[in-house]
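Taking it in order: structure first as structure tokens, then the write-up.
Chain naming follows the written order as A, B, C and D, and within any one chain the residues start at number 1.
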Amino acid sequence: MSNSLTADAPVPFGRRLRRLMSDRPLIPLILLLVLLVVVLQILRPGIVNERWIANTIKFAIPLAILAGCQTMAMLTGGIDLSVSTSATMAAFIMATQVVNHDPSVAIAIALVPPVLIGLANGIGIGVFRVHPLIMTLGTSLIGSGFLQVYQRTVIATGTSVPPGLAWLGTGLTYGVPNALLLFVPVAGFILFLLNRTGFGRLLYAVGDNERAARLAGVAYWQVITALYVLSGLLSGIAGLLYVGLIKAPSLSLADPLMLPSVAAAVIGGTSIFGGRGGYTGTIVGALILTVLTTLLTILQMPEGARRILFGLIVLLVTAAYLRIIEDR
Amino acid sequence: MPALHHPLVDPTSKSRGKPVTTDPILIATGVAKHYGAVAALRDASLSVLPGEVHALMGANGAGKSTLVKILTGAVRPSAGSIRIRGREHTVRSPAEARRAGLVSVYQEPSLIPDLDVLANLRLTDTPVEPFRAFVEELGVPDLDLSETARDIPLAVLRVLDLARALAIEPDVLLLDEMTAALPANLAERVLDVVKRQSRSGRSVIFISHRFIEIQALCDRATILRDGETVGVVDIVPRIEERIVELMLGAKVEKTRIRAAATTGASPIAAGPARLAVRHLQVGTKLNDVSFDLANGEVAGVVALEGQGQDELFAVLSGSIRPSGGEVLVDGARVAFAHPADAIQAGIAYVPGDRSEALLGHRSVRENIALPFSARLRNWGPIDMRREQQTVLKAIERLQIDTRAQREVQRLSGGNQQKVTIARWVAAGARTILCFDPTRGIDVGTKRQIYQLMRELAGQGHSVLYYTSELEEVQLVCDRAIVIFGGRVVDVLPVALADEAALTRAAYGLPRDAAPAGVLAGTQDGAAAP
Amino acid sequence: MTRFLRRRGWVAGLFVLLALLFVATKIIQPGYGAGDFASLSRAVLPYAFAVAAQTVVVIAGGIDLSVAAMMALTSVTAAAMMNGASPEFALFVVPFVLLLGFVLGAINGILIIVTRVPDIVVTLATLFILQGAALLVLNAPGGSAAEWLKAMVVGTVPLPLLPEAVTAWFPKALLLLVVCLGIVWIPLKRSKLGLSLYAIGSSELAAFRSGVPVARTRILAYAFSGLFGAMGGLALTMSTGIGAPIPGPYLLASVAAVVLGGVTLGGGRGGLVGPIVAVFVLRLVRTDLTLMALDPNVTTIIEGVIMVVVVMLGAFLAMKGRRS
Amino acid sequence: QGTYTIGVSNTVQGNGWREEMICAIKAEALASGKVAKLNIAHRNTDAAGQSEDIRNLISAGVNAIVVNPADPSGVNAALKEATDKGIVVVAVDQAVTEPSAYVVSNNQEQYAYLGAKWLFQQIGGKGDVVYMRGAAGASADSDRDKGFKKALAEFPDVKVVHEVFTGWQQDQGKQQILDFIATGTPFNGIWTSGIDNVIVDALVESQTPLVPVVGADNAGFVGQLNTVPNFTGAAVTNPGSIGAAGVTLALQILDGKKPATQTVLVDPQLWENATEEGKAKLKAAADPSLSPEWPVSISIPGWTDYTKEQIVACKGPGE
């Protein structure tokens, strides 16, 4: 009965498909995600259930927020290697301060250091023109050093994770992760920022052609400083959510998210050279990486082989995706 | 179009009458090159004989540079064939072209910025002694080979580029607007050297907009129009008219008429000058420059390459700070630390190089709306509807072809230039500094820009208009301010600003002196790069 | 003179800094002498090779995140091959491992050229791949090194005719470092390939137009990075006598030292001497911090601050230079 | 006050266990009254970096070095240089193969064997277990693997259904076990290499049956053993205070009291909550005021002299 629909489609299907994909780069990315999920389901039938999906989303969210910081930095041609340190700082400081303070006060205190790190990054990169890689690496070292020193002073205090954060991090409501309550507004904010605000426009502008932006009256240092401060703040929020999920504050809590946050942004189609990309792709990129981690955990093979496979798949996905969207 | 006439070349001292019976050394046929929607070349062909100086001519954007890049492997053609000494060649890289005997001096310098001259020579296997000899012959006597290319002035870099190409002793030398950025004395020497090159049996493909050079040097010319070869002519006396006809096609007459019709409005002379420059000083580049720009005036700036006009525009647009003097806007003293300050004072800058002003990967809309969000207080949510209206109005007003509006880099050069101007029309800048806005733009678009300038002036805007094409002064401007050696040497009312007068003034000659008498003096003045 | 200062000023400044640090060390620990300098040289060895590996690609306008993983893989390969084998067999192991590094590095470069994925992402992926491969070779620290190899980094160079008080200041490790780096770097820098590396880092377009085979040069840059990485791996095996599959802290250290050493991220400028001196500076700072018995956590902060401040200073000087 | 200067070298920073070890060393040095100054090199590095630190400590002129080795044989050359100079070297936590060094070590192989054996008995000698290891390529991990495999060999009906490396990272461990739970594969018990409390959290959060879990004596996990209803498990001690034992041994040797053997093994204990006796031990050991990552066995009888306040204050001599 359906043959009547296909009657007038003489344009070669392949060509149209390619065009569609290069115009809407999100489609191939989502297809890649679905492909990974299907492979997972084939390897472990039954794993793709409601609970697994909820878990995947829970773990993808903090990564997606950090990758959001990375996306914004990369849009300006930068990179932020201090996101994981910022996240860890916020988490650890909150968990130790909450013992003596009200959770809201503890959270406010915990968000100060990440913002300061962001401010230092912004000034170093925006005013002194230090390479972002080096600047954020340096502040991340300094930040973790301060955290170590701080840790010594609070050993007697102990740590705790406020129930509210644990509920947000681990809880489900009707099978839906509560973390979405935080993530949907955060993601909405980032998307709105990038697409509908002057500041978002300037991130793209500065990364695309810094000189042109300057000639149009844009003060580079203002944009960059605001960007890295925002990045610090969002990293801190991601850290708080993450400690709610893991419920074990440690001095290396978010470190394993550092490289994946860069990878998620790149897989999501944001150019490391600036000016091109967006946050929707990054969210899918974070999901792809989380599913990939599951896939490799489930596969019974030597750890070495797992890592090789991880590297290969990241490279393949990025290369394939670049091919698809560049083919115009 | 011819820009500045070259007073230094004696058109009679040319070797002519070589036999043309030999087989061509280089034949290109049906060459095409597409950049996305843009067709840089459609169907170009070229045939060069041994020992010939062959001119490649065409309006801006006709595709000359692209053809040169294809011939030397710097760019891959979309179609076409290249035969060198009768054999089919696929030239994949400049290195390969060089092995086949083709060496080019491109429009932009191609020395490695971070290497010193010697290293640059080694990189290209250029013998040092011949290179040194050529450099001296080309008029740069005491070159330090250990100087880093980044620190060498543009004009000298061009000479080095040429000397390097010559030292390799190519069979075919391709020179893309070699003389455009050179002071007159250096340009003359280039012509001498090229001439000798052809006498020793080597071929030269020579691109220039200056008829006088073509006349002095070339045997034949291939003319390109909109990416197609439209004719090949022998260079004989009085061939210029024919070449212009070929270059511009049917458009030529129309341009003249329409453009002339747009001129004639006079400045609104009320209140203090919109922009006043007093005793402006920028290092050794600008010296005691003073002039006024009235409300509703289009003031032309005329200068040879590198006479300080870049610095003047950079100061007025807030890109650099002057070392002395002052700038007044509406009678009030201003000091710009950043382009944002100039924009705040209502002064917008349209750079000559479009790539300096545009966000290549972003949409037309974002490019036009960029200044709206530049300032801190406009970082918040964008009123998308209002923005859309403003942008559409500007697009309509400038008649921008927005078929490829998703990425500005895919627009044609003329439309890109319109976008850079539209931005400031939309933002409502009262004073616009245009630096050679018609560079690389086709004749029709040029006309639209002339009209727009007059319209803006009519609405009370002020325009400072630098142009390298002298005839534009009478088409667009109310006045011509001539700068030479960093000083204002003359201010001509539009009626007097014909090409001959402007040329004389641009070379620093007094208004009514005979050109021939002062030649020697000119050379010294223009030499300092 | 001014040109010398402009070009070599940064490196000269580093040498001055290093000299000042030696003076400071002597003040902190009056007994600091030749033996301690030998220790410093041995500590510098793996870092120096890591930095050399990073320097080559950074000069060529790239970056290599797989440096430390490359060292881990080559180190475990060498240690596993020499385990239980005869000392003579090690004569074969060394060139084999160096070749392995060269080839793996070249593969990095080829992947960058073929996939057109940015170098930072490709080398991030190969970081995981090389790490995984190292774990497949040895799943825990182990293996061994031939005694003669281990001896190559211990003791001093017996220079004839010189009194021992002088030869004591020529540790073998330093000699090994200078020879290994010199034997590769000096011919490389003098060759056309070396020029081409600088050329593609300085301006890829200008390099292409000057006839530089850009793709091949990029691949070779990564290949040499792999070679230096393999030297670093061998240095690890030589100084510890084992191979460890978990990469050490060499990646970030290499990027930091490259920048401190005056090589601009982005390419085209700098040399190998600066980064190597920077390694000495960083190692000596670490020594001083230990000698001063400072709170160990504070040392992390100090190292971070030094890095940021020195780089900011450099950026600030560059900015002033551009203005004037 | 004391007269000795003691150097410390440690290669993992920011991990609760190692931080406790450093604090124990400081507290013991202070409590002993014999130490004038501690010189601590404490950072993330490998065997080569540790050799550098050891040599720096030699340069600093310390009397003894307490070292938690990155590898049993990778720092031998540096240790030999130290002992040649008459410096007393004590390796803690892990043994070193350098014969001139003394060793006060937690017995890692026994650690794994004890816990695994208890787990396999607890599930009735047969069933499926999840094996959550430490960091791939670390030597403590491969020692523990030997112990685990030894116990496994004694229970032919026990099968490992899932083996994974947590990298000793809490977040990775948690995601890994949640992923595995999602596969729906049944399992009867979990052995962890010290990433333990997040695993119990994961079981509770995902409302899967609480199978027996073996972990270390980390404060968080010990608390769970005491408080989580219907949860059986065992904590195997792996005291971070072993560092203090190293200081004590070094001071004894410096005072001329050489031990009978070069190597002292501190054997682990197992506290389980399946029996009343075990519950009592756990109650006694629990210490909710400690950071969940800190082992609760903050002292080793006969080897440490400080009070809880002193180790928590984490202050060495002269601070």
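In this text, a contact is a pair of C-beta atoms (placed from the backbone, for glycine too) under 8 Å apart; a residue touches a chain by one contact, two chains touch by 3 or more.
Predicted, not measured: the structure shown is a model, and the values here were computed from it.
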Pair joined by more contacting C-beta pairs (A-C or A-B): A-C
Approximate Å spacing (C-alpha centroids) for the pair chain A, chain C: 32
Whole-Å gap separating chain A and chain B, where each centre is the average of the chain's CA atoms: 45
Chain centre separation (chain B, chain C; CA means) in Å: 46
Euclidean distance of C-alpha centroids - chain B vs chain D, Å: 73
For chain D, residues contacting two or more additional chains: 13, 136
Contacts with two or more other chains, residues of chain C listed in rising order: 134-135, 139, 245, 295, 297, 299-300
Multi-chain contact residues (two or more partners), chain B: none
Every chain pair meeting the contact rule: A-B, A-C, A-D, B-C, C-D
Residues of chain C that touch chain A when the two form their complex: 63, 111, 115-118, 120-122, 124-129, 131-137, 139, 245, 252, 255-256, 259, 265-266, 295, 297-305, 307-308, 311-312, 315-316, 318-319
Contact footprint of chain C on chain A as seen in their complex: 120, 124, 128-131, 133-135, 137-146, 148-149, 151-152, 259, 262-263, 266, 271-273, 302-312, 314-315, 318-319, 322, 326
Complex contact set, residues of chain D against chain C: 13, 22, 37-49, 51-53, 55-61, 70-77, 135-139, 141-142
Interfacial residue positions of chain B with respect to chain C in the complex: 74, 93-95, 98, 104, 106, 109-115, 119-120, 122-125, 148
In the complex, chain D residues that touch chain A: 13-16, 19, 23, 136, 162-165, 167, 169-172, 174-176, 178-185, 197-198, 201, 205-206, 220, 288-294, 312-314
